[in-house]
């Protein structure tokens, strides 16, 4: 058995300078490196904001609010009104949310409350998997499967059989590529985001809430409606906003099914345009600097809108988990 | 009338509706997979992976250049995204409550929701415009930037699962802090971190928008990172919006390959995280 | 070998609870003139503003087992962690006073906590083998750190075997050294942690409720090995189990609300405690 010298730290002290020095130095290097990596994240956000806004500035300076308010996108003449694109982004996302939200919350309630345990994993997995499908695959499916389906069956059904054609929303010829097609595809893409967050917050509602309601004689549905959902409400709204954020920024799938016509129309059957599609379609062919700058300006607007929506969404979800921790 | 019976009927109806919602929500995926297989499977052959696209009008050909291009892009993106993401994750897991940690966490989540096309125009502004031409490097950087917030958050999550008692045991043995973090904590969480990294790779492998104005796409065989390069999702987009049937066929095949990769990785990730902790990770 | 059924045949001077069984008397510490192992002087340990250990001065003898007992929250773990500078790994933790081990002060601006920890072994309440390492690698984990003994693989194997022998685990694992440490049972894992702590041949080993999460059979094995270890190592063991303290230790310290109430040979503390609070605790009136 080796015995340490009586003053066992003595020899250590000689190496102590090296040791304290060496490991303290390594610790500092480690901390600096990881902190630097962490700083890349805010750095990236700032860099993106600066780059995009700096490039967009000439257009904002020259055109001002007309980018947002006018509809005339005339490259040669130097007018860049992106109102149809902005309109299209907002409408397609709204349609998507109208379709997706009830479905997503329904699935979330199903999975957290009623599902038999053997179904829970597979169904949850299949719904979550929707988020993993690349946008371009959605677009491909949209062009060759969804659009013919809409054009030949769904749209005539809505417009003629249900006589919804009398309203301004379903008027006009059914070409296929349309706001409705974009709305449907975006709904499928947003669904997993809404569903996954909702599921989490619903499952986080404490047992005591549910049991209290049941003990008062509520039916299972009433328990959910009156005790569970109100508790989880802000989280669910956060989930909906996350889905919204995804829908607002979606590019490829929308570009492939919306028809890319820069016109504002009330009818869902008509083709439309979105900000992301506008950028995607024209960027590579942008000829003059003002054109490019105008496209950057549209990108900047999209950046701001999605930034706000995502920030609010995350804050809502975070506030639910904070309340839960209390 | 709110009799007990009516209330129970309503309850039953609502429950039925949720079952319906679940059924409707799982349909699209199955639908899409079905079509992909029906329309794409017949075109999958060795040729698909090894041949270049034929001139328009001729049949046959493959997407070899796009597949290689995607691999190169993923490689560049990973070299950028993985070290920075893991480093940031390590920082967040250790400095849990500092203002910087909260800010970084929040901004990473915000970045994750950023439209990929904005990332594309950013990369164009920074790496294409000043240089003067499109390149695989620019595309790789755009994708890498998208990977960073993804890898950061999954790494942090996996590191937090490691019990603090392990860290204490290492410290009590005389490990300096950095060695505790790397040789014990990081090493213990490695399987989960790798899984998270793979999921991030699968996600960016399917991205098209950031590549539209960076990598641009390339009809020819190219492996240089200074030149435009083909990529699978880009190629699918180009062929799908083209007039020729033959190219549509290839697009379906490409989509099937792409989604197979994504599916396999997602399944493996689910399986890996579940078996690690026993209970299903929802 | 310690038998758990050994009973002291002397007549107790006071009524004691029948379940406390004290071993045959051992010479008390510090009578034979060797220097004490650990000397704490006016030691206080804080979490932020709250003091968990208040002005404790204690002299722990070498090559003996010293137990620290007391009710939950009395600061015994915190006191233990001051002996290897683990207390300061918690944010907002602070230490006042001094601690000397074998004559050398361990607190001081120029003393490296890492060096201290390398020479003091510690085992925690729950077994903490490193999950990604084999049994061999676990035991040797502390070795690679000490650059003084840049041991070759052969020497490492010897050290690993010696440590496992001392921990009483060698026979059970000698054929599976390269397998994962997670394949062992809870009791085996804890003995593995003891082997890991012993591998660096420390002069002091600190045990923080080492059998709290073990089954009775494993507990007995660990107690036996602690009893054996005192021939070569100074052992300080924190335990909430009085009977364990009585079985295993030579001297016992009683802590209450961060203060050292009494420190005496185990026999004395359990049969003739001087402080009424000690007596209340060991007769089970609180804690």
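Just so it is clear, A, B and C label the chains in written order, and each chain counts residues from 1 on its own.
FYI, a residue touches a chain if its C-beta (ideal position, glycine included) is under 8 Å from a C-beta of that chain, and two chains touch if they have at least 3 such contacts.
Computed from a predicted model, the values in this text were never measured in an experiment.
Participant: Which chain is most remote from chain C in terms of Cα centres?
Facilitator: A
Participant: Quick check: which two chains are joined by the most contacting C-beta pairs?
Facilitator: Pair with the most C-beta pairs in contact: A-B.
Participant: Name the most central chain, where centre means the mean of Cα atoms.
Facilitator: B
Participant: Please report how many Å separate the Cα centroid of chain A from that of chain B, as a whole number.
Facilitator: 15
Participant: Just the number, please: Cα centre separation of chain A and chain C in whole Å.
Facilitator: Each chain's C-alpha centroid was found; their separation is 55 Å.
Participant: I'd like to verify one number: the distance from the centre of chain B to the centre of chain C, where each centre is the average of its C-alpha atoms, in whole angstrom.
Facilitator: Here the centre of chain C sits 50 Å away from the centre of chain B.
Participant: What positions in chain A touch 2 or more of the other chains?
Facilitator: Residues 23 of chain A touch two or more partner chains.
Participant: Can you list the residues of chain B that touch 2 or more other chains?
Facilitator: Touching at least two other chains: 176, 179.
Participant: Taking each residue of chain C in turn, which ones touch at least two of the other chains?
Facilitator: 114-115 - these are the residues of chain C that touch more than one other chain.
Participant: Where on chain B does chain C make contact in their complex?
Facilitator: Chain B reaches chain C through residues 163, 165-166, 168-176, 179, 184, 187-188, 190.
Participant: Could you pull out which chain B residues touch chain A in their complex?
Facilitator: Interface residues on the chain B side: 7-8, 10-12, 14-15, 17-22, 24-26, 28-32, 35-36, 39, 83-88, 90-92, 94, 100-101, 103-104, 106-111, 113-119, 121-122, 124-126, 145, 148-149, 152, 176-179, 181-182, 202-203, 205-209, 212-213, 216, 233, 236-237, 240-241, 248, 251-252, 255, 258-259, 262-263, 266, 270, 280, 282.
Participant: For the complex, give me every residue of chain A touching chain B.
Facilitator: Against chain B, chain A makes touches at 23, 26-27, 29-31, 33-42, 44-45, 47-48, 51-52, 55, 102-107, 109-111, 113-115, 120-121, 123-127, 129-130, 132-141, 143-145, 188, 191, 195, 199-200, 203, 219-222, 224, 242, 245-246, 248-252, 256, 276, 279-280, 283-284, 295-296, 299, 302-303, 306-307, 309-311, 313-314, 318.
Participant: Under the touch definition given earlier, write down the residues of chain C that touch chain B in their complex.
Facilitator: Going through chain C, the ones touching chain B are 84, 86, 89, 114-115, 117-118, 121-122, 124, 126, 128, 130-132, 141-142, 145-146, 193, 196-197, 200.
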